[in-house]
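The following pair of complexes shares a single chain, chain A, combined with chain B in the former and chain C in the latter.
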Partner chain A sequence: MTWYDVYAIFQGAVFTVSISLASIVIGLPLGLGFALIRWSSVPVLDRFVVVYVSVIRASPAVTLALLIFFALPVVGISLGAVTAAVVTLTLSTAAFNTEIWRGALMSFPREQLESARAFGMTRGLRFRRIVFPQLVHSALPALVNEMTLQVKSSPAIAVLGLVDITRAASRVGARTYDPLPPFVVALVLYSLIVAVFVMTQRLIERRRAAEMEALR
Partner chain B sequence: MTPPMDDAEAPVVLAAHGVSKSFGANTVLTDMELTVRKGETVCLLGPSGSGKSTFLRCLNWLEEPDAGFIVLKGQRIGIRPSGNIVMNDRELAAIRTRIGMVFQHFALWPHLTVLENVMEAPIHVQRRDKAEVRREAEALLQRVGIADKAGQYPARLSGGQKQRVGIARALAMKPDLLLFDEPTSALDPELVGEVLAVMKDLAREGMTMVVVTHEMAFARDVASRVVFLDQGRIVESGAPEEFFTRPKTDRARQFLLRYSAQ
Partner chain C sequence: MNGFTIVWDNRDVLLSGFANTIALSAIAAVVSLVLGALLAMALMARSKAARIGATVYVDAMRCVPFLLLAYLIYYGLPSFGIRMSNWTSGLIALIVYNVAYMAELLRAAWANLPKESIEAGHAFGFHGLKLVRRIILPPVFFAAVPMIGNQTIQIIKDSAFLTIIAVAELTQAAMAIQTTYFVPFASFVAAIALYWITCMAIETGVAFVGRVAKARQ
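Let's turn to the complex of A and B:
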C-alpha cells in the first residue's frame, strides 16, 4: 500500500464526511419539524409522520438507497447518484431524529409550558424561548449518538457507485491483494470522524455545565 | 394590620358567572359565581378535590370552562365579543398578560437566571424597554427579599426563595390581578412564612388577589373575603371573621373543625 492509496482512502473520507454532514444538517431541523407535528397532533400530517418514521426505520440504508435511485425515475423523478445518496441519508436520519426530538418533547415539564401560557406567551414564543433552549440540551446525547450511527451507515451509498471510505479501502485491498492495511486506515478515519462529533458534544455539555454553575 | 375592607364601591376587576366544568363524566365545577373588586384579597378554601384550583385556572382560561363566562375589567375573555367563538392562542395570550399567576410548584424556567425569569415576559411578551424592565425587576427582587440571588439559576434556590421569585415574576407584568394556586403547599413548613409575608404585604398595598390556599391563618388575617367550595359548588362566601367564627353551613363547620383539630 502506497501513500497514494492512503490518499485515496482519505478522499473517500472527505466524501463520507460531506454527505454525512449534509444529511445531518438537513435531517436535524427536518426531524424537529416532524416531531413538532406529532407533538402538537396536527391532523392528517401527524399520521403521515407516523407512517414515514415506521417505513424508514424498517428499511435498511442499502435498500432505501436503491429504492430512491431506481424507483423514483419510474415516477418521473431522476436523481444523480450524489443527490440520491444525500436524500437517502437525510430521510433515514430525519426519521430517527424525529423520535429523539419527540422523546425530548414528551418529557418536557408540563408546568413550565403552563406558566409560559399563563404569562401570555404564544405558541411560537413558548417554543422559542422556553422549550427549544432546554430541548437542545436534553436531546443532545441521543442526537450525537444518531450522528455517529449515520456516519457508519453511510457505506450503504456505495451501491450507487459512489466511493466512500469503505469502498475506497476495499478497492485498494483488491488492487494490492493486501486488504488489511487499507481497512486499518479506514477504521482509523472513522474513529477520527466520530471522535470529532463526540468531542463537540462534550464541549457543549461542559460549557452548559459551566454556565449553570456561574455566579453572576 | 387590617386588610383593606370589602369596598362595595371599588370597581370590579374580575367576575365569573355561571362557570361550569367537567372532565369527562366527572363534574368538577357547577355554576360558580365570583366577583373580585379592586384591592380585594379573595381566598378560595375547601377540601382537596373541591375544584378550587380548577376554578382558579378557569379565571385565566388555562382551563376552558364548559359554560359560563369570565369578565376582566368589563371585557369578556376566552370567547370573542362577536358570537360564540373561542379565542385563539394569540388573543388568549394578550389577555393573560393582564392576569399574573403564581403556581404551586413554582414553574420557574430553569434555563434562565432569577433575574431573567422575572424579565422574560415583560421583554418578550409585552415588548417593553429592556433597561427599564431590568430596573423594575431588580426592584421587585429587592421587594421580595432575594436581590442577592438575581444571577442564580432557580435550581440553587430553596422552595421559599423560588416561590418569591414566582411572585416577583408575576408582578413584573404589572397585572390587573394576581392568581395564587396553593402557593405554599409544596413548601417545607419552615419556609411557608416567608412567602405568606410577601403575600401579606401585597394585600396591604392594595394588590387585587385571588388565592387558593390551605393556610387558614392567612385567610383569616389577610382575606377581605373567603369563598368556601365543596364538590365544585360555592357553599359559603363572606367576611373571614364571620366565616371562621360563625360558619353558616354544616359542611363549613366540619371543614374548619378538621383544621382547628390539627
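Let's turn to the complex of A and C:
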C-alpha cells in the first residue's frame, strides 16, 4: 500500500463525512417535524408517520437505496446516485430521529407547558421558548448515538456505485492483494469520525452544565 | 400492478432468498448471543487483562461498519489460506460483528442487576461460574430481551449488506428479479415488505416474552 492509496481512502472519508452530514442536517429537523405530528396527534398524518417509522426501521439501508435508485425513475423521478444516497440515508435517519425526538417530547414536564399557557404564550411561542431549548439537550445523547450509527450504515451506498471509505479500502485491498493495511486505515478513519461526534456531544453537555451552574 | 404479478410468478426466487436471510440471521443471532454472554463475562471479570481485551474487541467492532468487516473476512482471510464460500464468510462476519453488540447490551443489563441477588447467591454458597450461570445470567437475559430483539432486527438489516459480497439473500433475490424483468418497484417493495413482516414478528415475540417475564415475577 502506497501513500496514494491512503490518500484514496482519505478521499472516501471526505465523501462519507459529507454524505452523512447532509443526511443528518436534513434528517434532524425532518424527524422533529414527524415527532411533532405524532405528539400533537394531527389526524391522518400521524398514522402515516407511524407506518413510515415502522417500515423504515425494518428496512436495510442497502434495500432502501436500491428501491430509491431503481424504482423512483419508474414513477418519473430520476435521481442521480449521490442524490439517491442522500435521500436514502436521510429517510432512514429521520425515522430513527422521529422516535428519539418523540421520546424526549413524551417525557417533557407537563407543568412547564401549563404554566407557559397560564402566562398567555401562544402554541408556537411555547414551543420555541420553552420546549425546544430543553428538548435539544434531553435528546442530544440519543441523537449523537444515532448519528454514529448513521455513519456506520453509510457504506450501504456502495450498491449505487459510490466510493466511500469502505469501498475505497476494499478497492485498495483487491488491487494489492493485502486487505489488512487498508482495513486498518479505514478503521482509524471511522473511529476518528465517530470520536468527533462523541467529543462534540461532550463539549455541548459540558457547556450546558456550566450554564446551568451559572443560573443557580 | 404488472410488476407485482411478475414478482409473484418468481416468488420461489424471492422466498429462497428470504429463507437464506432468515437462516443467516437466526444462526447469527443465536451464536452471537451465546458467545456474547461469554464475552460479557470477560467484560465483567475481575481479571484486568480479560477486561481490557474484551473492551478493546467490543470498541473496535463498534467503530467498524459491518460491510468493512464483511469485506475483510471475505477478501482478507483467503490470503491466510482460509477459503470459505461467501455464505459462510457472510455468516462469520455477522457473528464476529454482533458478538460485540450482544456482549455490550448484556453487560449493561448485568450492571443494572440489583446487588442483593448476587450477595444472596454468595450467601447460599454460589461461586464463580455457577454463580454466573444460575443467579446472574437468567435475570440478565430477561431484562435484556427487548435489546436482544432490537439487535436481532439489526442483524437482519446487516445481512442485507451481504448482497454486496454476492450472498444469495433477500435483497440479492430482489435484485436478481429486477435485473431480469426490470420491475424494480415491485421487487424491492416486496423485499422490504418481507423485512418488515419479519421485524414485526420479532417485536411481537419480544412483547410476548416481556409479558411472560412479568407474569413470572
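One rule holds for everything that comes next: the second predicted complex is superposed on the first by the 214 of 216 C-alpha atoms of A that agree within 3 Å, B and C clash if a C-alpha of one lies under 4 Å from a C-alpha of the other, contacts with A are read in each partner's own complex, and residues count from 1 in each chain.
The working rule: a contact is a pair of C-beta atoms (placed from the backbone, for glycine too) under 8 Å apart; a residue touches a chain by one contact, two chains touch by 3 or more.
This structure is a prediction, so every number in the text was calculated from the model and none was measured.
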{"item": "Touched partner set for A:I130, first chain B, second chain C, both or neither", "value": "first"}
{"item": "Which superposed partner A:Q112 touches (first chain B, second chain C, both, neither)", "value": "first"}
{"item": "First, second, both or neither for A:G120, with chain B first and chain C second", "value": "first"}
{"item": "Partner chain(s) touched by A:V44 [first = chain B, second = chain C, both, neither]", "value": "neither"}
{"item": "Partner, of chain C and chain B, that touches more residues belonging to chain A", "value": "C"}
{"item": "Which superposed partner A:F183 touches (first chain B, second chain C, both, neither)", "value": "second"}
{"item": "First (chain B), second (chain C), both or neither touched by A:A210", "value": "neither"}
{"item": "Common interface residues of chain A - those touching chain B in one complex and chain C in the other", "value": "none"}
{"item": "Interfacial residue positions of chain C with respect to chain A in the complex", "value": "60, 63-68, 71-72, 75-76, 79, 153, 156-161, 163-164, 170-171, 174-175, 178, 184-185, 188-189, 191-192, 195-196, 198-200"}
{"item": "For the chain A and chain C complex, residues of the former touching the latter", "value": "54-55, 57-64, 66-67, 70-71, 73-75, 151-156, 158-159, 165-166, 169-170, 173-174, 177-180, 183, 186-187, 190-191, 194"}
{"item": "For the chain B and chain A complex, residues of the former touching the latter", "value": "60, 62, 89-90, 93-97, 99, 101, 103, 105, 107-111, 113, 120-121, 124-126, 150-153, 155, 169, 173"}
{"item": "Residues of chain A defined as touching chain B within the complex", "value": "111-112, 114-123, 125, 129-130, 133-134, 212, 214-216"}
